[in-house]
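First the structure, which I've put down as structure tokens, then a few questions once you've had a look.
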Amino acid sequence: MSTLHTVNKSPFATNALASCLNHAKDGDTILLIEDGVYGAATGTTLADTVTAKVGALSICVLSGDISARGIDQKRLIKGVTSVDYTGFVKLAASHDRSQAWL
Amino acid sequence: MADNIKKFLYVNRRAPYGTIYALEALEVVLIGAAFDQDVSLAFFDDGVFQLTKGQNTEEIGVKNFSPTFRALGDYDVTKLYVEQESLDERGLTAADLQEITYEDEDDDWAEKPSLKIVSRAELSDIMADQDVVLSF
Amino acid sequence: MKFGVVVNEGPYTHQASDTAYNFAKAALESGHEVPRVFFYHDGVNVGTRLAVPPQDERNIQKNWTALAQKHEVDLVICIAAAQRRGMLDANEAKRQGKDADNIAEGFRISGLGQLIEMGIQTDRLMVFGD
Amino acid sequence: MKFGVVVNEGPYTHQASDTAYNFAKAALESGHEVPRVFFYHDGVNVGTRLAVPPQDERNIQKNWTALAQKHEVDLVICIAAAQRRGMLDANEAKRQGKDADNIAEGFRISGLGQLIEMGIQTDRLMVFGD
Amino acid sequence: MSTLHTVNKSPFATNALASCLNHAKDGDTILLIEDGVYGAATGTTLADTVTAKVGALSICVLSGDISARGIDQKRLIKGVTSVDYTGFVKLAASHDRSQAWL
Amino acid sequence: MADNIKKFLYVNRRAPYGTIYALEALEVVLIGAAFDQDVSLAFFDDGVFQLTKGQNTEEIGVKNFSPTFRALGDYDVTKLYVEQESLDERGLTAADLQEITYEDEDDDWAEKPSLKIVSRAELSDIMADQDVVLSF
């Protein structure tokens, strides 16, 4: 019984990712989409917070949103997985519910 | 119908009035009540601001919808979970929130509180036990 | 598997309606069903037929209409949200005494009950918003 | 003093158009001038005449129209933003081959140059948005 | 030569107030409006940050937005001034420019 | 006209694509260039993300407008201020940003950088020296 969380806001602009990380349960997946993908980059003030959750949580990014924003795959935090829209659908199907952090 | 009952959670993380999400979320809850599902509402982050007492919108010219929360009991919507940590961060206590109650038909119509203040960990457990999560 | 999709934001302003479209399209092409998409809040504005986006941009409304026609997706615009925002079909326009309507082909206006019903009848509900 | 006002968000969804209205009204009633209000981004949606808000809510479009008529305020909807979002006047509808238009009385559609001009010709520019 | 800054977002939800406080210059005024008024309340995790700026900056709230949200005037941080829409207009007129922190 | 020149500042604090503000801000800048005002652009907070190299929007189906920044020099828009602290917080350096230049007609059309990386304190001074501030 696990949840797919989607976060679509920049973690530098709003508290959506912070709140999601505070509420997600071990074994859940967080998929960063739209402006949320900035949370998956290394070298930021938030990278340590996100990195610390990798493992307990599965953290993914939507590949199209990463490309759109010019974030090189090499800049992704280690352990973060990139998925396309079909991968997004698979995640939604394989978790028991989805929760959007708007 | 019984085997088609799902757990519906309405997630309220936004303050009222600055945006319409809180009001239009409440409109869904009212309509949804007719469907006899297992309904819960979660108020955390800025969502706790929706429940404060003494809201007076006269000067801004926007409709004050906060009294509607007190009517939820009549619609059998009786589980309003409020996160303690979110209240703390915002300098609020239970005393700053409206009193929202319902009459329990299984207990001789005793009046009981609908607001349930829970810890972040408890709220996480509640959210992880739903079938449908609607965020606004 | 059956997916229900909720779109909470208007076209172009937020990426939500694009992401929802790409998700729905991928789900359908993966063999899943998307019986209904419910447009709420500013999402109702996705269904206007009066938009004229620049030639070099995607046409969000036409994309949805085409997807709906190809896969028989029920595109429902919330009536309460639509009334506040000036989205009307011919019937509503007549009923409200308005001299024009603006709903695009493939969309229909209905009540919030359709959202709850979608939550009950689908296996997973996906919300896209701001 | 002359105030220019910019409204960046649509009606009801965000409080921006309400705050802008209350500011403009107070400025006019204080003896200042508000020669123009410029509606940009989703702000263009304020100018639809097709909205039917609930009876117990304010009518944002009608409030603006009344204020404009009383104080001769020029309510300008940005044409580029309006085209993306399906806001048209009769001329635009004809030009674009659309079968309906939806602009309310007191509003007019024009270019972004009107925003810059307002910035140049007023003493203070106030922006209201999300 | 001073600036009137308007902040309309909850400081618990977005970084608008934090960024405004980081960029405003001594002698400027910050007017909290709409959901921004939550930044003027005592007892919150942000109250110390705001209180520390009172004096160097003039901090005001829009009275209608305070009332709408049920914030008692007694809960306002000491030194924060409440103004109505006419007071907002006066502030806009008496500063050299306005900057909206959206 | 000269005595009617005002200092216009366009404030960019938002990331591109998630919302339309960045694109529609740029549309104002392009139109505004025809008015011969003293124009500056400020990029800070998430606004610095607008200027990154290598944006490819094909998969999301949204128009990539980032090349337009490189055309601003042709419109005599040559002062694009980028805040160092905002770059630092986001793990970015000047090398991650597009090269944006203009030809200086007062210096034999020498090609010069339009992007000027400034400290937070310098940016505050620049913002406090404007006549009209447009935020998006």
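The chains carry the letters A, B, C, D, E and F, assigned in the order they are written, with residues numbered from 1 in each.
Methods note: contacts are C-beta pairs under 8 Å (C-beta built on N, C-alpha and C of every residue); 3 or more make two chains touch, one makes a residue touch a chain.
All figures in this text were calculated on a predicted structure; none of them were measured in a lab.
Enquirer: Which chains sit in contact with both members of the pair chain A and chain C?
Expert: Neighbours common to chain A and chain C are B, F.
Enquirer: Where each step is a move between two chains that touch, what is the least number of such steps from chain B to chain F?
Expert: When the steps are counted carefully, the minimum from chain B to chain F is 2.
Enquirer: Name the chain pair with more contacting C-beta pairs, choosing from D-E and C-F.
Expert: D-E
Enquirer: Centroid from C-alpha atoms only, then distance chain A to chain B, rounded to Å. What do you get?
Expert: Using C-alpha averages as centres, the distance is 27 Å.
Enquirer: In whole angstrom, what separates the CA-based centres of chain B and chain D?
Expert: 35
Enquirer: Two-or-more-chain contact residues of chain D, please, as numbers and ranges.
Expert: As it turns out, chain D has residues touching two or more other chains at 8, 12-13, 15, 19, 22, 41, 54, 57, 125, 127, 129-130.
Enquirer: Among all residues of chain A, which ones touch two or more of the remaining chains?
Expert: If we look for residues of chain A contacting two or more partner chains, we find 8, 12-13, 15, 34-35, 64, 84, 97-98, 100, 102.
Enquirer: So which stretches of chain B touch two or more other chains?
Expert: 17-21, 45, 60, 62, 132-133, 135-136
Enquirer: Every pair of chains that touch: which are they?
Expert: Chains touch in the following pairs: A-B, A-C, A-E, A-F, B-C, B-D, B-E, C-D, C-F, D-E, D-F, E-F.
Enquirer: Going by the contact rule set out above, which residues of chain E touch chain D in the complex?
Expert: Listed in rising order, the residues of chain E that touch chain D are 6, 8, 33-35, 62, 64, 84-86, 88-90, 92-93, 97-98, 100, 102.
Enquirer: For the complex, which residues does chain C have touching chain B?
Expert: The contact residues of chain C facing chain B are 6, 8, 40-41, 80-81, 111-113, 115-117, 119-120, 125, 127, 129.
Enquirer: Where on chain A is chain B touching in the complex?
Expert: 1-3, 15, 19, 22-25, 28, 97-102
Enquirer: Sort out for me which residues of chain D touch chain E in the complex.
Expert: Touch residues, chain D against chain E: 1, 3, 8, 15-16, 19, 22-23, 25-27, 29-30, 32, 123-130.
Enquirer: Quick check: in the complex, which residue numbers of chain F touch chain E?
Expert: Residues of chain F touching chain E: 11, 13, 21, 44-45, 120, 123-125, 127-133, 135-136.
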